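Shared between the two complexes below is chain A, which pairs with chain B and chain C, respectively.
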Partner chain A sequence: MNEMDMVVNRLPVKTWNHLHMNESSLKAVHIAGEGALRAAGPKLKPDESLSRAFDSIAGGVGRDLDLLAAQAGVKVASFTSEAGGTEPLKLQLSYGEGDAVMNRIGLTVREGQRLDVIMDYRSEPLAKGLAAVQTKIHVHTGGRLRLIQLQRMGDKYTFINDIGVQCEEDGDFELIQMVFSGHRTYMGCEAALKGDYSTFKGDIAYAVSGEDSLDINDVVRHMGKHTECEINAAGSLSNRARKLFRGTIDFAKGAKGAVGNEKEEVLLVDETVVNQTIPLILCAEEDVVGNHGATIGRPAEELLFYLTSRGISVEEAYRILKNAKLEAVCTKIWDETVRQELLDFLHEGQLCDDAMKEDRTNGEA
Partner chain B sequence: MSQELLKVEQLFVEVEKKQILHGIDLQMNAGETHVLMGPNGAGKSTLGYALMGNPKYEVPGGAAVFQGEDLLAKSTSERAQAGLFLSFQNPVEVPGVSLGSFIRSAMEQRGEKISLWNFRKAVRKQMELLQMDESYIDRDLNVGFSGGEKKKAEILQLLMLKPALAILDETDSGLDVDAVKTVSLGVEEYQKNQNGALLIITHSTRILESLHVDYTHVLVNGKIVATGDASMIEEINACGFERYIDRA
Partner chain C sequence: MEEKTYVEDINRSIYDIKDESKDSYRIREGLTEEIVEKISEEKHDPEWMRAFRLKSLKIYKELQVPDWGPDISGLNMENIVTYVRPNTKMSAKWSDVPEDIKNTFERLGIPQAERESLAGVGAQYDSELVYHNVRKEVADQGVVYTDMESALTGEYADMVKEHFMKLVPPTDHKFAALHGAVWSGGSFVYVPRGVEVTIPLQSYFRLNAPGAGQFEHTLIIVDEGASLHFIEGCSAPKYNVANLHAGCVELFVKKNARLRYSTIENWSKNMYNLNTKRAAVAEGGVVEWVSGSFGSHVSYLYPMSVLNGRGARCEFTGVTFAGAGQNLDTGMKVVHNAPDTLSVVNTRSISKSGGVSTFRSSVVVTPKARGSKSAVSCQSLMVDSESRSDTIPAMDIRTDDADIGHEATIGRISDDAVFYLMSRGLSEEDARAMIVSGFAENVSKELPLEYAVEMNNLIRLEMKGSIG
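Then we have the complex of A and B:
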């Protein structure tokens, strides 16, 4: 059994070591095989060139994941857009107890074409295991990829979700990531906006509670002229949860006229949570605009008063506000079926809250 | 004999250690409509907030009994569940929470189970009365609503939640003539069909034109200086508050 110690989600430029935000580490990671990938929707042809060049596109989680995949012999399942295709490609990975699996997925959008993809990761609520998914994307000139990733993993699952994307001229990449549950989640996305006028838009929503943690590393490299990016992360932390968000906008020399914005909104439900945020803007070009903003804290007294004045308890008000962070991103989901399924999931109280977790733990004991 | 709904005795209220209300006495029976008038800064809204339990408003002295129970001992949500409602002058915006899901959550928290179908049917009926576009039900609560739509959304909540006593805080302020008429229709519906009691806080009289008013109180400098019947409204409308200011 080959085990590997990994460094993941490395910040492109280091900050103070004592802050423990430069990178994260995973000990003795072992991959036993590939997860059972179910694909539905259009029958798309593979792209052998992307499969061969898979490692040349950097992912946000970092190179150690490429090494782990090579060590475990994980193959690339690739999909290429078709002219006039409108039906979304749906990829589902369901994990079981004791899994230690990894998948590599390649997505290619040919010149002037469009591709919509929905990736759904889930496991049984009490399952324990480790899963990793690497998605590498190449958006050719004038192409557009819209990707939705949904994560509903068990309370004891470690999940590594890596994305690497390369956009050519006028290529657009839109990403929506929703993290509903999972014990240890490491998410990284690196987008290289190589072509002029290429764009990246990322929306991340999460609800982290209990002893769970979420570790994010998003990097956008503006290389082409007039490239644009927007990163919005919003979520809630409750009951000892931890979250670390690294958001880097890197303006390379020559990226004239590029614009990058990143924004984070974090609802801290109580004082036991640990929230770390490191927005980073790197500038090697003068003619650029970069902005970052963050709203982090407990809900305003005025807001809580308004909600409770309608007979809603403080606990329920917090639940509503936690769901609101997810719902705000849900409404951006372009697939009506998925959007409605998630809204129902939230409205019916299926989002695992602290009380549910305690019940599960007590039930196990 | 009328059923006593609210009895406020010698209520003192402070905001950031500054005393705003200096011993308010007020008694209301079920189904009655009281109007609380007074010049700007008199403390009218303070009374509404204090009764609803806004944590910014401290009550160092006095008592308030609502439906036979100590109101001041209850949390804000418990006060609402007991049947008290406050219509806000400037309701906050809540992104990610639709107006419909918010009202339904509030109904569920009050123990009222209603199917989505029946809820939609009931809410549609009230929105029609208030001349609100149905799309507002799925819009984020108060986000991007005009001043008039915010006030209508408040009255919609009043009609759906059916409280025993509604405090309307300057509900007609900032509304054009047509909007006042529409909001008044909603308030009238609540007053007539739900036998709801009203404490209407206002310094204008437009919203009162179509309502039956039982009592009028004038609040000046944190004290109720006069109480009378509906005829006081016309008198204040004609002469203003000047004659009451000296009484404070």
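Then we have the complex of A and C:
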């Protein structure tokens, strides 16, 4: 059995080692095979050229995941846009107890075409295992890809979610990622805006609770002129949850007229949470505008007072506010069916907190 | 054709005047146990300090150079002279200072500043202080302002021993260990309980010897309810060989005390500035850092505040100007380690002519720091595309009851602003120069220009632009 120690989610530029934010590590990772991928929607042709060039597109998680895939012999399942296609491609990966699986998915958007993709990762609530997914994307000139990723993994699941994107001239990539559950989650997205006027827009929403952790590394490299990016991350941490958000906007020399904006809002619910945030702006070009803003903390006392004065308990007020972070991103989901399913999921109180997890572990729920 | 503003470098002519090296003692290059023993012997260290130096040297050899900052491979400790004693003894009268050294400080405006606006002055030349004086009325308040060597063996020896390198232990990083091994010079300040020192004290560090290092140690204790403004200035002429500055500043701000620590750093562009500054702030205490980084070839400089007492506060105001051949990695660190603590950070950086400016920070909020607040703002201006500007702010929050805000912006001179000013009658050249000047002014106005003429010289950026 081949096991691999991995370093993932490396910051593009290091800082003090004692902060433990430069990278994360995973010990003795073993992949036994590929996860069962179910594709629904349009029958899209594969793109052999992307399959061959898969490793040449860098992902946010890092090269070690490419090595792991090579070691495990994971094949690329690729999908190519079709002219006039409007129906979204739905890819579902359902994981079981004890899985140790990986998938590699290639998405190609041909010149001037559009492609919408929904990727849904889930496992049984109590399942334990490890799953990794690499998604490499090539958006050709004038193309647009909209990608939604939904994560509902078990309380004991380690999940690695890697995205690498290359956008040519006037290519657009929109990403929505929603993390509802999962024990150890490592997410990385690297977007290379190579072509002039190419854009990236990313929304991340999460609710991390219990002993769970979420480790994020998003990197946008502005290489072409007049490229634009916007990264918004928002979520809540409760119980003993930990979250590390690394967000980098990198303006390369020559990226004249580029604009990058990054924003993070973190709601801290319990005194035992750990929040780490490190937003980088790297700049080698004069003619750019880069902004970052972060707001981290408890809800404002006035807001809590307002809610409780209307008869809402403090616990319920917190639940509302946690859901609000997710709902704000839900409303951006362009697929009505998925949007409604997620809103129902939230309104029905299916989002777990620590008490629910303990109940579940004890067989009471 | 795209038009650009050219912002001149700081006029360094007065800093680059070199004195002929007429030191009375110069230890050989390199760093060995023998050299450290010799420094200790030359300085008549008490035994505990000799042992401390040797222990620090051992730690230095065990630690690695940082793997995260600017390249310092051009710094070879085998070529650095760690101790150079000038050919004079410390004096309390400028008239007793040798003519050439006195002229250097006269050019820098230090004696004039002392006469006009300072409560006391310490002037270090290479490894030793050559002048130290404090106004009588300040001394009468019980304020102690003396050189570190005198403090080490004098009336305050126990206080020095209790505090020396306790905030910045030699294990902190490789160059803190180096400092512990070869430190020399610097100032000791003690402000007694309840005493308000209304005019600033200033220490000025001048490194004249080529290929030498300066390792001054500044230890300031501001007792309960007291207040002080301390100014630090430093410069050196430019040589073709690397010089090293690895000073250490330890500030103890006691309950309800207040300390403003202002620095104007203008080392020459062959200098590796690997300085460490740290403050421990007790309940209700306030530390204010005002930091201007203009010189040196490479800088690693991150003044740190450890807010240990309820309601302790820190404010950091900084400006960094990186020009040709400079890689200035500056910023700050704060640890909120008690309830209701507050940190406010406001920095500006300007990169031009191939200079590299990096803002690096960390805000750590421990579980004990409930009710704490932090606001960090850093703004960077790129003057041309030959330069580089990076922002690397880290936040580590370990309590829910905290309010943490961070904002960073990077950009160029706004065309709209230039257009607006031109529509009001300014030339494009003047408009761009005014915008750059205004960008830095928000911070530079906090610098204590009125206290030292040298700082005026330094901040007088040649903002007059030229188009082309």
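Everything that follows uses one rule, which is that the second predicted complex is superposed on the first by the 363 of 365 C-alpha atoms of A that agree within 3 Å, B and C clash if a C-alpha of one lies under 4 Å from a C-alpha of the other, contacts with A are read in each partner's own complex, and residues count from 1 in each chain.
In the analysis below, contacts are C-beta pairs under 8 Å (C-beta built on N, C-alpha and C of every residue); 3 or more make two chains touch, one makes a residue touch a chain.
Being a predicted model, the structure only gives us computed values, none of them experimental.
Chemist: Clash or fit: chain B and chain C on chain A?
Modeler: In the superposition, chain B and chain C stay clear of each other.
Chemist: May I ask you to decide whether A:T15 touches chain B, chain C, both, or neither, giving the answer as first, second, both or neither?
Modeler: In the superposed model, A:T15 contacts chain C only, not chain B.
Chemist: For A:G293, decide between first (touching chain B), second (touching chain C), both and neither.
Modeler: After superposition on chain A, A:G293 lies in contact with chain C alone.
Chemist: Once the shared chain is lined up, is A:A40 touching chain B (first), chain C (second), both, or neither of them?
Modeler: After superposing on A, A:A40 lies clear of both chain B and chain C.
Chemist: What is the contact status of A:A70 with respect to chain B (first) and chain C (second): first, second, both, or neither?
Modeler: It touches nothing on chain B or chain C.
Chemist: Would you check which partner chain A:E327 touches, where first means chain B only, second means chain C only, and both and neither mean what they say?
Modeler: In the superposition, A:E327 contacts chain B only.
Chemist: After the superposition on A, what does A:A32 contact: first (chain B), second (chain C), both or neither?
Modeler: neither
Chemist: What is the contact status of A:E301 with respect to chain B (first) and chain C (second): first, second, both, or neither?
Modeler: Only chain B is touched by A:E301; chain C is not.
Chemist: Once the structures are superposed on A, label A:E285 by its partner contacts, choosing first (chain B), second (chain C), both or neither.
Modeler: A:E285 contacts chain C only, not chain B.
Chemist: Please tell me which partner, chain B or chain C, touches more residues of chain A.
Modeler: Higher number of touched chain A residues: C.
Chemist: Quick one: classify A:Q276 as touching chain B (first), chain C (second), both or neither.
Modeler: After superposition on chain A, A:Q276 lies in contact with chain C alone.
Chemist: Compute the least Cα distance separating chain B from chain C in the superposition and give it as a whole number of Å.
Modeler: 15
Chemist: What residues on chain A does chain C touch that chain B touches too?
Modeler: none
Chemist: Spell out the residues on chain C that touch chain A in their complex, using ranges where they run on.
Modeler: 67-68, 360, 362, 364, 367, 370, 380, 382-385, 387-412
Chemist: State the interface residues of chain B toward chain A in the complex, per the touch definition above.
Modeler: The touching residues are 52-56, 75-77, 79-81, 85-86, 88, 91-92, 94-98, 101-103, 105-106, 109-110, 140, 157, 161.
Chemist: Mind pulling up the chain A residues that touch chain B in the complex?
Modeler: These residues of chain A touch chain B: 300-303, 305-314, 316, 320-321, 323-328, 347.
Chemist: Would you pull the chain A residues touching chain C in the complex into a rising list?
Modeler: Its residues touching chain C are 13-17, 19, 21-22, 251, 253-254, 266, 268-298.
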